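In the two assemblies presented below, chain A is common to both, partnered first by chain B and then by chain C.
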Partner chain A sequence: MSDSVTIEVRRYRPEQESEPCWESFEVPFRREWMVLDALNYIKDHLDGTLSYRWSCRMGVCGSCGMLVNGEPLLTCATYLEGLMPGPIRVEPLNGFPVVRDLIGDLGDFLEKLERVKPWIVREEERDVSEGEYLQTPEQLAAYKSYAMCINCMLCYSACPIYELEPHFIGPAVIALAQRYNFDSRDEGVEERMDVISQQDGIWSCTFVGECSTVCPKNVDPAGAIQRYKVRATADFMKSMVMPWAKR
Partner chain B sequence: MGQALNPDHTPYHPKWYRRRIPIFWWLSKRGYVKFITRELTSPFVVYAVLLLLVQVGALARGQPAYQRVEDWLGRGPVVAWHAFVLAALVFHSVTWLNLAPSALVLRLRGARVPDGVIRAAHFGAWAACSAMLGWLLLGRV
Partner chain C sequence: MDTSAYDILVVGGGGAGLRAAIAVAEAHPQLRVAVLSKVYPMRSHTVSAEGGAAAVIKSVDSLEAHAYDTISGGDWLCDQDAVEAFVDEAPAEMLRLEHWGCPWSREPDGHVAVRPFGGMKNQRTWFAADKTGFHLLHALFQTSLKYESIVRYDEWFVTKLLVDDGVCGGVVAIELGTGKVAHFLAKAVILATGGAGKIYPFTTNAAIKTGDGMSLAYHAGVALKDMEFVQYHPTGLPFTGILITEAARAEGGWLLNKDGYRYLQDYDLGEPTPEPVLRSMELGPRDRLSQAFVKEREQGRTIETEHGDVVYLDIRHLGKKKIDAKIPFVRELCLKYQSLDPVERMIPVRPVVHYMMGGVHTDLAGATPLPGLYAAGEVACVSINGANRLGSNSLTELLVFGARAGAAAAEYALERGNPPAKLRAGARDEERRLRRKFLEKTDGNERVADLRTEMQATMEAGAGIYRDRAGLEATAEKLGELQDRIGDIAPDDRSLTFNTELISWLELCCMLDVAESVIGSGLARRESRGAHQRTDHPQRDDESYLAHSLAYRSNGNGARIEYLPVTVTRWPPGERVYGR
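What follows is the complex of A and B.
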């Protein structure tokens, strides 16, 4: 196998270019290197101006999501070896305005995330002296898969609807709303439903399903959205048949 | 600070770049092609329902009316067209039923019913309905 590999990076330096262009770098090939290691090599040895996000290097922080050969992937969890002989193309994630090089602006996601109150909502807080809110293993299992979300934005990048309809609240936000809805300690289901059941919420999703395919943590946002649709429809039918009943 | 090479650039007013989505974005990935094909085959479901209603309506008007519909259905181009419609309906149905486990999460004695069981139940129900209709239509010939 070759001792080097070509990395083609999508560069965008607003002071230099009005739109992105490709730049190639020759990087040593190491069997144990990830794509992120190759980018770090470029930054340390070839071009210190290359800009990208990364932090933990172990698939937990969700910072280093990029398009690698067109696929949304965590670059810290993608071996160079699996992409040989190259060239390997690295681009910023789709769906987000590019600030610089491989960095997208995530402000839209953060604003939408806040709308669904991604925290445990209580009507009445129990006093600390009364102890913890206990949960059974079954209650934990009900939401645990959704709690695995690391906000890496790969699902947004894979979702064509998010890019075509920017008002769509998006897969991770809905999955994170479900994370709290299924939590036995939470009482905020109705408040979240008011946000999620709008046209910009679950009904914008056309079930492409790629969000679940690319999720590195098997969160299944597409499933979360479909389950929300079932529940919203059931609530609507119930309100039609029994308008006096509490939602 | 060096001279900006992009004449539109103004310091401290960064310009975000937003890509233009290509019209054929759905050809970029196998999953997108499958999704679009599933969406495009939806009208055939409507067509099949309307055709059934036409047949039922003709049946209600009596034997001559129903015979006219039957004759039309037996014409070569119509048979070819309906073979294509059937292929589209099968593709739509199979891809749709394969998605059922995502929307339907059932629990039995605390454990989630496996996706394969839910999928098999849907395909089983489909096969049972088709067999019953087949028996009604062909068993009486």
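What follows is the complex of A and C.
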């Protein structure tokens, strides 16, 4: 295999160019390198102005999601080897305003996350002195997969609805809402259902399932959305048939 | 944006910072809290912690046992009053996290489950499979969103503490996205910026662990305590340095040398048994295990690889079912980053820099000697970790002392008037400094990355698992050279929009300060204790050094070292006994 590879990076420096452009860098190819290692090589040795986020480089902090050859991926978990002989194209994730180079503005996600009350909601909070809420392994399993979301934004980048309907609250936020809805300690499901119901976007979701396909942590946001729709439809039917019943 | 209207500033949005902010918000909702973090909080390095968090909850266990394990594990350098407070408050803090939604692993009957861990004589480590830090951080972050009094400034880098008349009254920070430099005035500041593993070349630490808070305090005249004690975790993946959690050994994994021999039995750590035995063999403390690796290497019994010498961590006998249930992240990390399945193959591992036992000098409340300045978590040194931290105490520490620092800072803030307006000038001075030293600098010959690489190499050479005077002195000299050369930096990037090179330069400046304090403290401590092993002074010397090192910044001459006696309450210094 070749001993170097071309990395084509989508650059955008608002102070010096009005439109994004491409720039190519030749970096050494090493079998154990991830795409992120190649970007770090560029930054350390070729061009200190290249800008991107990264931190843990073990696939858990969620910072380094980018489009690699058009696919949303964690660059710290994507080997160069699988993309050889190159060139390898690296771009910022879709769906987020580009601040600079490979860095997107995540403000929209954070605002939406807060809206679904991603915390344990209870009518009465138990005092710590009364010990833990019991939760069997089966009850834990009921929400655990949704709790694995690292907020890497790959699902937003892949979502065809979010791109067209920016009001859509989006796959990860719905998965995180469900993470609490299915938690046996929580009593906030109705408040969250109200928040999500206000979003038209969810009904446009066509189960393409791109969000679940790209999720690096197998969270299955598409499944979370599906389960939300089933419940919302059942609630709606119930309110039609038994308008006196509490949801 | 009025950045000056806060009562309390928290610098750092990881576990300790969020816990501190929530502590303030719960007790005093009228106090305005700002959390400034150089990354979005959920990116903080707490996220990477794997194995678990220690707190006594089972009836067979006791607070005394947790305290003794912690103190003996720390080679008697822990302050015992701090350890007693820590073990006492740990269970309630863990339960609080449970109430906030942390998905702790459970027993079949629904109670929280615990697992064994290194250096602990009872099972007391709470765990959320092996992504404990991840779940803990997200539970704290998501819970923090419900408090209206907490305002976040994400992606702001704090460059300076504002101090007037011996009192800390705020910070200056730069917004990454815009390059805007602003002052934040407040009645109290809590540092919660984590550790500094990136001063070394091979570390489990994330890229962001650059000792920023330690450097801020050091420059404000606050001592850095016990900085020579740097923890090498015995099981990192070669090349990446990714941590393979101690839980892998707690669940029954073995460490084998090139002959397939469980070599720890040769290092006074007990006899090999098929099932794990607490405080024995693979469940010995991290310092002793990392030191044993070096001795094995010297004997030629490690395995050479292109990324350094390794030994093997063998978990195959645990079987796929147990691995997937108890340590699934170990398997995920090995498959993804080492291209091997630990169900079928042994994992190559080597010691890797993991944790700073030392940090900003605080008392039990998290208060530093500088009025108005607090610190909690890895950035701080209370000290409960002494000369060697026990696995699964650090997550608990950031909860207990994050909460304590938040509570103490709030009480302090309630008593204080507003900080003097003249502190605002600090932002203008900082802006000028950043322009002069970096953004408008047109000359220079040095690159940030080159200096960083040289610093990391000299730290490993002079202040690794074993040290001696000659090596420490050579590193001290090299660090002095690097301090000079950083003034000759040649920036590539002069942009105000998300200038990551500027941030890297600021981080490197911080790391050089931290490195200086490690070396200064290491040179002065002429004994071997815990993680500080001097081959030229191989014995522990309680007569001279049952004391904390306090490293003070002294312009251009390395650190000035003073000592503070260790607080001993109930456990007089004794021998560290493992496996017998």
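In the analysis below, the second predicted complex is superposed on the first by the 243 of 247 C-alpha atoms of A that agree within 3 Å, B and C clash if a C-alpha of one lies under 4 Å from a C-alpha of the other, contacts with A are read in each partner's own complex, and residues count from 1 in each chain.
To be clear about the criterion, contacts are C-beta pairs under 8 Å (C-beta built on N, C-alpha and C of every residue); 3 or more make two chains touch, one makes a residue touch a chain.
Nothing here was measured: the structure is a model prediction, and the numbers come from that model.
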With the two complexes superposed on chain A, say which partner A:Val98 touches: chain B (first), chain C (second), both, or neither. first
Quick one: classify A:Gln226 as touching chain B (first), chain C (second), both or neither. first
Between chain B (first) and chain C (second), which, if any, makes contact with A:Phe182: first, second, both or neither? neither
Applying the document's definition of touching, compare chain B and chain C: which contacts more of chain A? C
Contacts of A:Phe25 with chain B and chain C, given as first, second, both or neither: neither
By the touch definition at the top of the document, which applies to A:Pro14: first (chain B), second (chain C), both, or neither? both
In the superposed view, which residues of chain A touch chain B and also chain C? 14-16, 99-100, 105
Chain B-facing residues of chain A, complex: 12, 14-20, 70, 94, 97-100, 105, 138, 160, 163-164, 206-210, 212-213, 220, 222-223, 226-227, 229-230
So in the complex, the part of chain A that touches chain C is made up of which residues? 13-16, 32, 43-45, 47-49, 51-63, 77, 99-101, 103, 105-106, 110, 113-114, 117-120, 125-126, 128-129, 131-137, 139-140, 143-144, 147-151, 176, 180, 183, 185-186
For the complex, give me every residue of chain B touching chain A. 4-6, 8-9, 11, 14-19, 21, 25-26, 28-29, 31-32, 35, 39, 99, 101-105, 110
Quick one: in the complex, what on chain C touches chain A? 39-40, 42-45, 47-48, 92, 95-96, 98-101, 103-112, 131, 134-135, 138, 142-143, 145-146, 154, 177, 206-208, 239-240, 242-243, 307, 332-333, 336-337, 447-449, 491-493, 495-501, 504
